[in-house]
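Given below, in the form of structure tokens, are the structures.
What follows is a pair of complexes built around chain A, which joins chain B in one and chain C in the other.
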Partner chain A sequence: MSNRAELLDLAAGLFLLCAVAILWRRDVRAQTAWLSGQGIALAAIAAILGAQDARPDLYGVAAGVALLRAALLPTLVRRAIAARAEDRESAPLINVGASLLAAVALVLLAYTVAQPLVRLEDTPAARALPVGLSVVLIGLLILVTRRKALSQIVGFLLLDNGITAVAFLAAAGVPLLVEFGVSFDLLLAVLVLRVLTARMRNLFGGSDLDEMRELRD
Partner chain B sequence: MDLLLLLLPIAAPLLAALGYALAGWRRPTAHLGTAAAAVILGGAIALAVRVTRDAPLDALGGWLHADALSAFLLLVVGAVATLACAASPGYLAAEHAHGGGSGRRYGVLVQFFLAAMCLGALAGNLGVAWIAIEATTIVTAFLVGFGHTRAAVEAAWKYTVVCSVGIALALLGIVVLYDAARHAGLSEATALNPRVLTAHAGALDPAVTRMATAFMILGFGAKAGLAPLHAWLPDAHSQAPAPVSALMSGVLLAVAFVQILRVKQIADAALGPAFARTLLLITGLATLAVAALLLLAQRDYKRMLAYSSMEHMGLIAVAAAIGTRLALAALLLHIAGHGLAKTVAFTASGHLLRAEHTTRIDQVRALAIRRPALGGVLAAAILALLGLPPFSLFASELGIARAGFAAHLGVPVTAAFLLALLAFAALARHTAGMLLGDEDPGASGGATQPVAAARLGPAAWGPLVTGLVTVAALGVTAWPVTTLLGLAAQGGR
Partner chain C sequence: MSAPVLVSLAQVLLVLLGAPLLVGAMRRLRARMEGRTGGGVLQPWRDLLKLLRKAPLHPQGTGAAFRFAPLLGVACSGVAAAAIPLLSTRTGLGAGADLIAVVALLTLATAALALAGLDTATAFGGMGASREMTITALAEPAVLTAVCALAAKVGSTNLPAIVAATLSHGARPASPANLLAAVALAVVVLAETGRLPVDNPSTHLELTMVHEAMVLEYSGPDLAMVELGAAMRLTVLLGLWSALFAPWGITTTADPARLLLGLAAFAGKTLLLGCLIAAGEVFMAKVRLFRVPELLAGSFLLAVLAVSASFFLA
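And then the complex of A and B:
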């Protein structure tokens, strides 16, 4: 049992590490590589929980998570990167050092906020749960502070990975039908955002969101 | 039979979408969408009769469910969809005349949009409702960006990102609630079923439920146009094609808000009414304040209508916070009245935009003389939105105010109505300017003469007049839906 608990902590640790690395790298191409790594860590969490609870169905879920979040979604983002170098930068509003400090604060906040959930059941999985919430908050930080279209998609994917991690660590995942529907919606949302990014490049000559100011009050 | 009744409203628009995908948008298929919307309306009436006579319906092991609340919501969706789809051929014909827009894509996306909303209304499971509501974001993103202009792409981007992120927070809330429910001993299949959750609310961990409720109100609130995640709304509603704006403003906001009502039921049973009430009062008053202030300085009439939607959603949130039977019945009547009146207003604004080639309020003057019929319809729709009799919004606003004072919430309710009064003044002043205002002296002289009657056939006037007459009829007597309203306001049944 302790062996599996250690593995779970390791996977959760890697999951959080990937989120911090995404915050640290400015190049979107590098960010998508870390996003793939995070998808693998998330699939590992599902697989370890499957082994622990003797639920073979979770192996299938883990395979699906790996396919979607480690392969498909990062590839979709990578393919949308434009040839021009200026589009690859994620243009942070606050510098990387300050972002990392903010991330530390967010992790502390996540541990505080998640206390009621951890108290609900004292298992290794529940103790690792604040990691998922931390990644949700880091995703929100990226969404707020990075003003390039692709960085926003990366932030959104981070947010969603975090929520999925919370679902696995808290209750070994939501019902399969719901999980499937959520994944499908996520895939379509990313496709929509990709098409919009391409249109934005055509019309604005770039994907800097601050260029868009037609609609103001 | 139950399954058929529950599947019909979802399947009809899906079939119509298939029809558009295969046949494209031609003269014979133009009203396919209207037919599908009419099937939704018919199915909703059948469901309403079943629910009031017998009991709520369940199908597919509780994944689909219709109680009085969902039947009422579906009724509004069907009515608004029928009007909006009936107005669509006219809208597209004009777009084609200007060489823009693909009818096929429009037809397919609008029908998918309707199917997703019906699924959201009939979902018997919070997870399914979430999937349906996120699906509405995905299909409407391209409808908002239909115009392919810079403004349309900007609006579509903001809409997709803000709504997807907002609704992701609701998903986090659902996951947290699921955790609490599983620890309360509920099975995997029932742990997201609002009725089961309400019945077992006593066993839910209070601290975890509080967290889940806050996330869900914030998240579904984003999609319902409530502060603080409302920034997408004026952009999306002003950029979308007029019939789509009508659907988004008239019913999509309501479908999202009904999920908040379901969450509130669970939270009230688990935590007592104070927690959800406080959250809803804060968000409702904040929404009203934002809407009223931005209405004052508004220069664009489509954005003006969008902010008016926010004003009404804020008022609806305050009514939900009051939460008594009277308040909930008034809330539902308000949803119906606002949906129909806003559909007429947006459709009329679409005709106006085509005739005047501008959305600026100060460039549209003297409508009462130049386009008396269209100006008259727009004015009547805005009078309805202002809450004047005989329209039903008068009765529902009065009901909300009475319920608020009866529940000893006089201070927040007074604040809400003062803000609504501010919005009233702004909306009235802008509309009066458009109808009666003098032509800008700098503009070309003589434009106050009546123009050649805009070429709007009976097909264009039909939806407008039907919508107005229905809102007025609902204001005079709500008898066809009184029983249903009473049951829906009771909650649970």
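And then the complex of A and C:
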């Protein structure tokens, strides 16, 4: 196996490890730290793919990914927590042990459904594709099992990291323009969610989504 | 006597003599970081010699389980030390040096100590034994799954074969499967040796203790054996972890000069890992007992990921 394929495997492994750690930790601040780590791993995947195909524009994408997903978005979430200390615990609906076991099943599912895709083109990038799919599924799991709005933002970011990773690995990198568009969307979504969380706190005194029972105009 | 047998004997002797020194160094570092002077590195050895001179004393009504558990603990760690390639992959046990057998040996020592805790029929002994068994039952699946990930690449669960394969591939332990298995096994090593965040090794008479609760009734030479066994267990598990994931310095021959180099590498790696644990413990609190399953479930998940990664990725 070539050196680059090994590096790609390592970056994909770290990417998955960060997703598991986010599921593992209850403290949202620790989760944001792991989210930064995952952003770096994602940027590394983009950079390695760029080096592999000799495409300098992918380095630009990698730099953008690192800036946005490793620095900007985790900082935004962290500042939202700093505003209110009691939102630090993520208050999962099912206990962490059970959600970790659910994650085992999800990862195996991702590996199984990705088999035909891997068989299409047996490159290192295609072999790492199930990792991206597993992160998408783990992000969905966090989205549906966490009660607090902030930890749902974390789940949403995880989901989007997974989607981006799948895009990188399946399409051998995304054009710079598309990546910029997606990043901008993501940034806006997180900003809007932050404003929503702040308004929820002002109205109800907490960000527990279970307490929102009806929609009003 | 053939060279591999001598290598194994040297490893047992090294672990036997070095384990209390490792514990001493870890306690010393922890004391220094907490602003205390602390006992010297030799303090555990002094304690052991003091305890060995005392008269043996057994609580009323205890039987064979209580008598033999300390000796069994030392013996199991000793056999494990002979089997694991700490200095050289040419150990005397050959095909018997199986990774699953080594894990089973270490679990046997745990089970013996838990039985001894039950044998005393005190509240603390029973509590400690039940907690220890809970932790062990949760840790074992993670160990066996992680072992599966390591063995799948080599096609054998023989420990020297696994280490030799890693060494012959130019020592590249940085594959994702290895990385995930390393984290999974590191958590298990902490749980199995009773370190923070699973158990606090420096408490006596606390409601939350696990290992200390089981051995509360031991005194004199028996206590010396229990403590020696615990220290050897820590050394053996750290040695196993470093042999699997950082096998640098382990020789594949029985050449004396290379063995000396392997000895220096082993001492350095074990001391470094021990100091990392001790330094980490200064900044860490024990997790609640009911959150320990969470920690070990995470370890199991990482082990499963390691297995799937070793099958699908590499």
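Quick notes on this one:
One rule holds in what follows: the second predicted complex is superposed on the first by the 209 of 217 C-alpha atoms of A that agree within 3 Å, B and C clash if a C-alpha of one lies under 4 Å from a C-alpha of the other, contacts with A are read in each partner's own complex, and residues count from 1 in each chain.
Here, contacts are C-beta pairs under 8 Å (C-beta built on N, C-alpha and C of every residue); 3 or more make two chains touch, one makes a residue touch a chain.
The shown structure was predicted, so the numbers you read here are calculated from the model rather than taken from an experiment.
On the superposed chain A, the positions of chain B and chain C stay apart, so the two partners fit side by side.
Of the two partner chains, chain B is the only one that A:A170 touches; chain C does not reach it. Applying the stated contact rule after C-alpha superposition, one finds that A:V20 touches chain C and leaves chain B untouched. A count of residues in chain A touched by chain B and by chain C gives the higher number to B.
By the touch criterion stated above, A:L193 is placed in contact with chain B alone, chain C being left untouched.
When the two complexes are overlaid on their common chain A, residue A:L120 makes contact with chain B while staying clear of chain C.
Contacts of A:L159 after superposition on the shared chain: chain B is touched, whereas chain C is not. Once the two complexes are laid over each other on the shared chain, residue contacts for A:V178 go to chain B alone; chain C is not touched.
Taking the two complexes aligned on chain A, the least Cα distance separating chain B from chain C is 19 Å.
Looking at chain A, you'll find no residue that touches chain B in one structure and chain C in the other.
Looking at the complex, you find that chain C touches chain A at residues 172, 174-177, 179-180, 183, 293-294, 297-298, 300-302, 304-305, 308-309, 312-314. Taken together, the chain A residues at the contact with chain C in this complex read 1, 6, 9-10, 12-14, 16-17, 20, 24, 95-97, 100-101, 103-104, 107-108, 111, 118, 127-128, 130-131.
Those residues of chain B that touch chain A in the shared complex are 63, 125, 127-128, 130-131, 134-135, 137-138, 141-142, 145, 148-151, 153-158, 160-161, 164-165, 168, 171-172, 174-176, 178-180, 182-183, 188-189, 191-192, 205, 207-208, 210-211, 234-235, 238-239, 294, 297-298, 303. Across the complex, chain A meets chain B through its residues 113, 116-117, 119-121, 136, 140, 143, 149, 152, 156, 159-160, 163, 166-167, 170-171, 174-175, 177-178, 181-182, 184-185, 188-189, 192-193, 195-196, 199-200, 203-204, 209, 212-215, 217.
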